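Each of the next two complexes has chain A plus one more chain, namely chain B in the first and chain C in the second.
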Partner chain A sequence: MNKNKTYPGYFAAGALIIYFVFFFLPGLIGVGYSFTDWSAYSDQLHYVGFENFKTVFSSDENYMKIITNTLSFTFITTVLKNVIGLILALLLTKSIKLLNMHRGIVFMPSVLSTLIIGMIFKSILDPKAGLLNSFFRSVGLEVLAKKWLVSSELAFGSVMAVDIWRGVGYIMTILIAGILSISSDYYEAAAIDGAGGWQKFRYITFPLILPTLATTTVLNVIYGLKVFDMVYALTNGGPGKATTEVLYTAVFKKFGTGQYAIGTALSSVMFVIMIFVGIYMIRIMTRNEVVE
Partner chain B sequence: MKSKKIALSVLRNIIAWIFSAICLIPLLLIIFNSLKDKKSAAAMNLKLPALPIQWENFIKVIEKGKLATSFANSLIYSAGSVILCVFFAALAAYVLSRNQTKLNKFLYMFLVLGITLPINYVALTKVLQFLHLNNTAAGIILLYTSMQLPFMTFLIHGFVAKVPVELDEAAVIDGCGPFGLFFLIVFPMLKPAVATATVLTFLNTWNEFVSPLYFLNRSEQWPMTLSVYNFFGMYFKDWNLVCADILLTSLPVLLVYLIGQKYIVSGMTAGAVKG
Partner chain C sequence: MKKSLVASFLSLTMILGMLSGCGQPAATASAPAPAADEATAEEAPAAEETTEAADANEDVTITFMASQDWIQDAEMELGEKFTEETGIKVDYQIVPSDQYESLLMTKINSGECTDIFGGQSSKFSIVTQFDVEKNAVDLSGESWAGNVEPAAAEELSAGGKLYGQPIQDVSACWAVAYNIKMFDELGLSIPTNYKEFCDVCEKIKAAGIIPIYECVSDGWHHVCWTEAAVAATKADPGYPDALNENKATFEGNKELTTMFSQLKEMADKGYMGDNYMSNQYADAPASIASGEYAMVLYNQGLGAEVNAADPSFDADNIGYFVNPLCDNQALNVNYCGPSRFIFSGSKNIDAAKKYLEFMASDESLAYMTENVGKFNQLPYTNAPSAYSKVVQDFYDRYPEKIAVFQASVKYYNPAWMDIGADMSAMFLGEMTPDEVLKDIDKLRAEQAAAASDPAWK
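Let's look at the complex of A and B:
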């Protein structure tokens, strides 16, 4: 059987062309435009060298703060989603009544629109009338009723908390699949040897789901670096100067004000970083596929 | 010993319920307040809606929020990209999995790399302008398709490998050409993966609002997510209407989730766990 005849290359052309033109090409030409003064105010383009990147990485501008924000958002949400997701996964693989219902409910926020979740939490976290503060007041914990999204100390933490609420069910679901794929023989053998619950976790479950945790970590990192919807809906970068600004909200603002060159330079920094993160990620994701 | 076990089991059930409650409360908040009048919805609390239930909120919001238009838009964008994406992803996954030449392996990696890559929306405007696709439904559909193709190809690729090659060989011996082989023999075997890809593409595109935010200027073209956000900006004092709008916008997604949960979970965990 002639493989090239039976499986003609042009079958893959449709996918590759659409992906290349609308997804990869903008990334490429975006890098090119980063070296120009492209803006909404002039029809002419001039080569400006590394000017835009100098602006992005200079200390007198806000951009370093934006990059640090994006990185700390990514780091903190990744760690907490993994930890809470693991606790939930361990809990929801035990014998509990209505197990599937609980799993389904905890996963549900992952399928809702992030934008809509942001809108709902804007109401819940409202300092005066919000559900959370009303709850604290009604149980006599007035001290805990804070200005969640509007004070500069708490806004970033609040945004991350909502994002963790939204994303933890997905991580949990992946980890549940990981835990369920561990052979029960190990646990039976450990039980015969007199291992307790903690020892079973420490010496069986944890080492065997480490590869799954690696995957959830990469997924979270990719999501975190690209986060936009959640921040846009909750604070749009505020309150004050860039308190919760992340890369993609900054890019959108530059787009809105017509400063295309800086916008595309910021995007390109991300594009280049993500190519490297991506190659590592794809290796992890495809490692199971190759051996069939 | 036995009483300790029972206590532990009760404790576990209680903790599970607490987590579930934390995840359900926002949804309940929306449902309850979408059924209240303006005054009692202003408090946005979890009190059960008072009688009479304000069903007319939904009618009002459909009129004021122009939901019929935005629902039709969302449906066109999602349906269009589901069809294009699943069709092209299946074709590509099939060929790239069956004929693993050096070039095809590279092309597969290149395509799947899109799962992680960010889109440069600013530079994308240039591409769309060049193709005269700015502010068009076709542009949005192609954009959505390009965003979903990498993951869906990855998803179906893993599944193609499980369809026995002997089938292909038998079909070729019987005189089947490449098109007949794919559409009559292989594609029907890919049903579970295609179903998962369909459900996931629908969910992702229904929830997507960044591309319309960048590339659709006229509100008549907006999908539901973008118009609910705009409605929220205009009627932020009428929480009953905002909640009704949110509920109607989320309803398709929630229905698809309830019906297709199995497909969603299997798709979203694909590749993450050694199976």
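Let's look at the complex of A and C:
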């Protein structure tokens, strides 16, 4: 078989047409609408230039806070999910009792509905009768009983913590697959050379799972930038004006109030951010990639 | 050769299957196009319609989406009876109140709303927010339409046509409900101004009881305190009209500034306890029944609800006085309230109309009045009256009635949840009362601009 044989370009035509019509074109139209005054209150559509973008970046509005919240959420949850996921993956690839049960328990939150998790945690984190504060009070740690979801200082952290709890099992599972694919020969050779646990991790495991970590990072970043249901169920953007508001809850609310143009402008801004973040991230993550 | 024949045959079958699948809706498309539906319904001979409906009803399920607390257990019980009688099933979709408005508007604006949707009535916002002339079905010709109280019908009408059906008792208003026995034991009397109200709260607090049950997390209840804005109307009866003509603003209004400042003060002084940001509206009756709280801003059905939560608590042990912010002593009346609308894009308009007709029947209205504590007088001429002495005393005590901003000021009701978020920020110290008022002006201007309101040009 001739390995150099390439398929003709028109083989890709079907996929390209479908992608163009159902993905690219709607996106382009969406960006186009962000330059209009499209709203539910009027049948008329007028070109307004960069008016909606001026609103998005205006200091009188809180859209910049919403964009910052989204980026913070993405960065913090990505880092912590990867770090905690990696630690758990390393622990759960050792020979320990009931290994699969442990893996199953950590993975379980990932298969539950985010909305249901949100509802459950709303109850757990209730300051008065929630499970967490009741526990703290029962063991004499009253000082740790906080207003987790209703204080401006703690709400965002609480939302991120619940999201990390939910998503870490999924990341762990991917990383376990990555770790298990590393040949045991490397570890045996390293052991003969007198390498300790940390050195094995630093010089064998970590470089060889970098491609897997790149995958988990991409997955986390995409999820983080598009996060909606967790925030919606836990705080709906509150307490206050926009303490935990993220881009998609804001877009949802703008569409809900019929202010489509500003909603599409917000989406367009995030689209541009996603492109830059995506290109930069893939470059960084693949730069030192080690091929086994 | 054989293989390719089989493949060709299978491909042909698949294509035909797909085409027939695509063709399916066209076969049924003769039914329910939104606008055509009414005309078809009117033109069709009655006998034929009945026979067809009887057959069709077997499979008809109408969907009804509403905010939490808008659909009572009694209504769902009636819904079961309706299904028994007509064969039409009703799928109730009850949405948490803090998420309802966004969800409803998204569904309406995307053209994918439920057959019946719940929405707040108001002659202004049903046009600016719901665009009922486009999104709802004209109900003027329905048999029950003439029974709706004129004041309530006005808030559900646009261009002389009735578009909605009231769900709740709109004679009830948001007033401070209090534990009568507790007041007697502490030697307290009904306050007649804000200072007296604070004195009452201080005495209750000193007795180790939290004075007011407030629930900010629902997103809407704490905004009900702003109905004390009737004080601004009393100070200047032309103020609502000036707001509607864009000749006045919320920012800088003396009464409104006082109202928000007093609310913030109540929270800061601990009159609402520690958990007012996370409390939930649904827990209010139980919280009052437990004696942990003395008062709550509520409608005139709290007594029955507290009694339901704790049968040892007498329903008549709950009294009412008007919201005393800004020293208000007028009854804050609002003939607007949650109402049922039929979505114009529904494929089950006839079935939805039958449901509305069933709910407005003498029997259904009597059943709702008997079984829902806060329903004393539903706004229909054929509905029974069931005011208790305590409630009647309350209405008699305040002869002066002033319409609340929800009913008298344009673009106020649609901004309700946003105002709630601003107030929540005010309680957290992120916004000042002046900033909240300024933001209300901004929210109204945004709505007005989107609606191309000439007064804002």
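We adopt the following convention: the second predicted complex is superposed on the first by the 246 of 292 C-alpha atoms of A that agree within 3 Å, B and C clash if a C-alpha of one lies under 4 Å from a C-alpha of the other, contacts with A are read in each partner's own complex, and residues count from 1 in each chain.
Assume a residue touches a chain if its C-beta (ideal position, glycine included) is under 8 Å from a C-beta of that chain, and two chains touch if they have at least 3 such contacts.
Predicted model only: the values in this text are computed from it and were never measured.
S.K.: With both complexes overlaid on chain A, does A:I29 touch chain B (first), chain C (second), both or neither?
M.R.: A:I29 sits against chain B, while chain C stays out of touch.
S.K.: First (chain B), second (chain C), both or neither: which does A:F255 touch?
M.R.: Touch partners of A:F255: chain B and chain C.
S.K.: Of the two partner chains, chain B (first) and chain C (second), which one does A:Y47 touch, if any: first, second, both, or neither?
M.R.: A:Y47: touches no partner chain.
S.K.: Between chain B and chain C, whom does A:V21 touch in the aligned arrangement: first, second, both, or neither?
M.R.: first
S.K.: Applying the document's definition of touch, where does A:W198 land relative to chain B and chain C: first, second, both, or neither?
M.R.: Neither partner.
S.K.: Just to be sure I read the superposition right, which of the two partners does A:Y170 touch: chain B = first, chain C = second, or both, or neither?
M.R.: first
S.K.: A:I124 in the overlay: touching chain B, chain C, both, or neither? Say first, second, both or neither.
M.R.: A:I124: touches chain B, not chain C.
S.K.: Per the contact definition in the header, classify A:T286: touching chain B only (first), chain C only (second), both, or neither.
M.R.: first
S.K.: Which chain, chain B or chain C, is in touch with more residues of chain A?
M.R.: The partner making contact with more of chain A's residues is B.
S.K.: Can you list the residues of chain A that touch chain B in one structure and chain C in the other?
M.R.: In the superposed arrangement, which is not itself an observed complex, chain A uses residues 126, 252, 255, 260 for both chain B and chain C.
S.K.: Considering only the defined contacts, which chain B positions touch chain A in the complex?
M.R.: 9, 12-13, 15-17, 19-20, 22-27, 29-30, 42-46, 84, 87-89, 91-92, 94-96, 98-99, 104, 107, 109-127, 131, 142-143, 145-147, 149-150, 153-154, 157-158, 161-162, 168-169, 172, 178, 181-182, 203, 206-207, 209-210, 213-214, 225, 228-229, 232, 239, 242, 246, 249-250, 253-254, 256-257, 261, 264-265, 268-269, 271-275
S.K.: Once bound in the complex, which stretches of chain A touch chain B?
M.R.: Spelled out, the residues of chain A in touch with chain B are 1, 3-9, 11-12, 14-16, 18-19, 21-27, 29-30, 33, 88, 91-92, 94-97, 101-102, 104-117, 119-121, 123-124, 126, 129-131, 134, 165, 169-170, 173-174, 177-178, 181, 211-212, 215-216, 219, 222, 225-226, 228-229, 233, 248, 251-252, 254-255, 260, 263-264, 267-268, 270-271, 274-275, 277-279, 281-282, 285-286, 288-289, 292.
S.K.: Any idea which chain C residues touch chain A in the complex?
M.R.: These residues of chain C touch chain A: 98-99, 101-106, 108-110, 128-129, 131, 216-217, 219, 274-275, 277-279, 414, 421-422, 424-425, 428, 430-431, 446-447, 450-452.
S.K.: In the complex formed with chain C, which residues of chain A make contact?
M.R.: Its residues touching chain C are 37, 39-42, 44, 126-128, 147, 149-152, 232, 236-243, 252-253, 255-260.
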